[in-house]
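We just call them A, B, C and D in the order they show up, numbering each chain from 1.
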Amino acid sequence: MSLRIIATGGTFDKHYDPLTGQLVFGDSVIPSALACARLTQPCQFEALMAIDSLDMQDAHRQQILAACQRSEEARIVIVHGTDTMRETAALLGQAQLNKTIVLTGAMVPYRIDGSDAQFNLGFACAAAFLSEAGVYIAMNAQVFPWHAVHKNRSAGIFEAD
Amino acid sequence: MSLRIIATGGTFDKHYDPLTGQLVFGDSVIPSALACARLTQPCQFEALMAIDSLDMQDAHRQQILAACQRSEEARIVIVHGTDTMRETAALLGQAQLNKTIVLTGAMVPYRIDGSDAQFNLGFACAAAFLSEAGVYIAMNAQVFPWHAVHKNRSAGIFEAD
Amino acid sequence: MSLRIIATGGTFDKHYDPLTGQLVFGDSVIPSALACARLTQPCQFEALMAIDSLDMQDAHRQQILAACQRSEEARIVIVHGTDTMRETAALLGQAQLNKTIVLTGAMVPYRIDGSDAQFNLGFACAAAFLSEAGVYIAMNAQVFPWHAVHKNRSAGIFEAD
Amino acid sequence: MSLRIIATGGTFDKHYDPLTGQLVFGDSVIPSALACARLTQPCQFEALMAIDSLDMQDAHRQQILAACQRSEEARIVIVHGTDTMRETAALLGQAQLNKTIVLTGAMVPYRIDGSDAQFNLGFACAAAFLSEAGVYIAMNAQVFPWHAVHKNRSAGIFEAD
């Protein structure tokens, strides 16, 4: 069973910039995360964009939709910022692509101690392999259908509506 | 949906002993791994044993079976050494417990750079939530039924029979 | 030979806050860094303040000076933000305390991959043990006298004047 | 001031081999450690050998001595296994090279959580820059002259004789 993993940025993929003291984007960490994971099935990685999900515009979401449409793999994991993950999931869900699409992200960047990134990536890959066609958000060790989840920002967790 | 995670030892949970230079067992790393993962559903952790799977005897496997039988949670992840994971999975599979039991482990200890432990734990948790009752091995980002998998030791990967 | 280590904050000690996505201060990482270092000589750790060095006012620097004055240990390492490390070093240098005081910090926080924090802490401790009384900045694997160093902000390094 | 860093192996530089479950040698981690450290002075790295110090024979120590003799840098850090660090230090000390040579190592490999490697490397570099010509062992945040130190193996620390 083959898988496509699409990077869009978000906390998962943030790097620390020593010159500015800010968390910024650079090369995606996902190839390194996947190397650790020791996958044996075909997996296509696509670095589509690298932005904070608060900065995502409609045009960005259309790009993500187009990437899912053209994907030859029917199972897709999208690494995305958490703040507007639900909005992107909704656009993809309404498009009814007949693919299994799982959005995930992280509350702590991959490169920072105590990150949830690697756990979430593993969780999302299994959800992509095992779920029927549809669009899902996989965070906090739960798989949520796209239309019934929101981020509780004060608690920093995803909850069922 | 609630989950039980049972530690039995294996590479996943090995620590470095500075006095002997050996990899040994100590307190399980799994509570720390789960803290990173930011679970929001009930999850019971059980440190059942801490041994190398090459040292596992029938009595140990019977203990693992008993732990699964008495588990109030119908979804169970077992962290286990990879070398005899298949043997333990077979015992559990033949017992037909009507629970979803997923065995996972790691090729590189959790505490060593480049580990697959956190990815595998996330992958196994999703497999436990999403698979029907049965016994599975989740390694290399694949979910294998217990009766159709083996470890290819020279390649260090799990493969379908 | 006994040593005092004084935490004042700075990049070295920053934590990631998952709720705001910002790097902030919490409990100092220095006790954990020192536990790794396996010191066998007496070492007093003092968490004096936890601020960004750009936010340091005269009152803060006076507090640091007072901490050095009252220190029973004649060898002191101060972990400090890099941006105004030189200003604090100047105040301490002009006070002529007859102690060996070494300021250090980090360009990448201790808890982020690729940090210079642990190297710098080791370097600064050796500089504190081996240098004669005076005030020094130890960064980029160099020991600079307080009056002849500046931070080149565009390059992110300390240089001799 | 320029520095030479010579790798000889030891715990500092051990990697985990997923196929055998053993700690073994591969490419040295020291270039990566130095990249983190953000050195601005000239530093030559030399991967001389990669062995456990318990496996060191006279011929190996002669190779280390020869490397120190031919070094154009008068300040040298040698990363070495701890078990026979003292024996190598004695050979170098007796050779009276008129260089500052500091041996260091680690009780926990660089690539394992909680390692003292990066701290020790920083400490040893400062000791190499600040000490007069001679041969020293830098471990446990102390600088010991070569002829007055031993490893207390049951405690896992270096102590003055």
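Side notes on the structure shown:
Criterion: contacts are C-beta pairs under 8 Å (C-beta built on N, C-alpha and C of every residue); 3 or more make two chains touch, one makes a residue touch a chain.
As the structure is a prediction and not an experimental result, all values here were calculated from the model.
With chains reduced to the mean position of their C-alpha atoms, the one farthest from chain D is A.
Chain geometry summary: the mean Cα position of chain A and that of chain B are 25 Å apart. Between chain A and chain C the centroid-to-centroid distance comes to 38 Å (mean Cα coordinates, whole Å).
Chain B and chain C have Cα centroids separated by 43 Å. Multi-chain contact residues of chain D (touching two or more other chains) are listed as 107-108, 114, 156. Pairwise chain contacts present here: A-B, A-C, B-D, C-D [touch as defined].
By the touch rule above, chain D contacts chain C in their complex via residues 3, 33, 35-41, 43, 107-108, 114-116, 118-127, 129-131, 138, 140-143, 156-159.
Residues 11, 16, 18-19, 21, 23, 107-109, 111-114, 153-154, 156 of chain B are the ones that touch chain D when the two sit in their complex.
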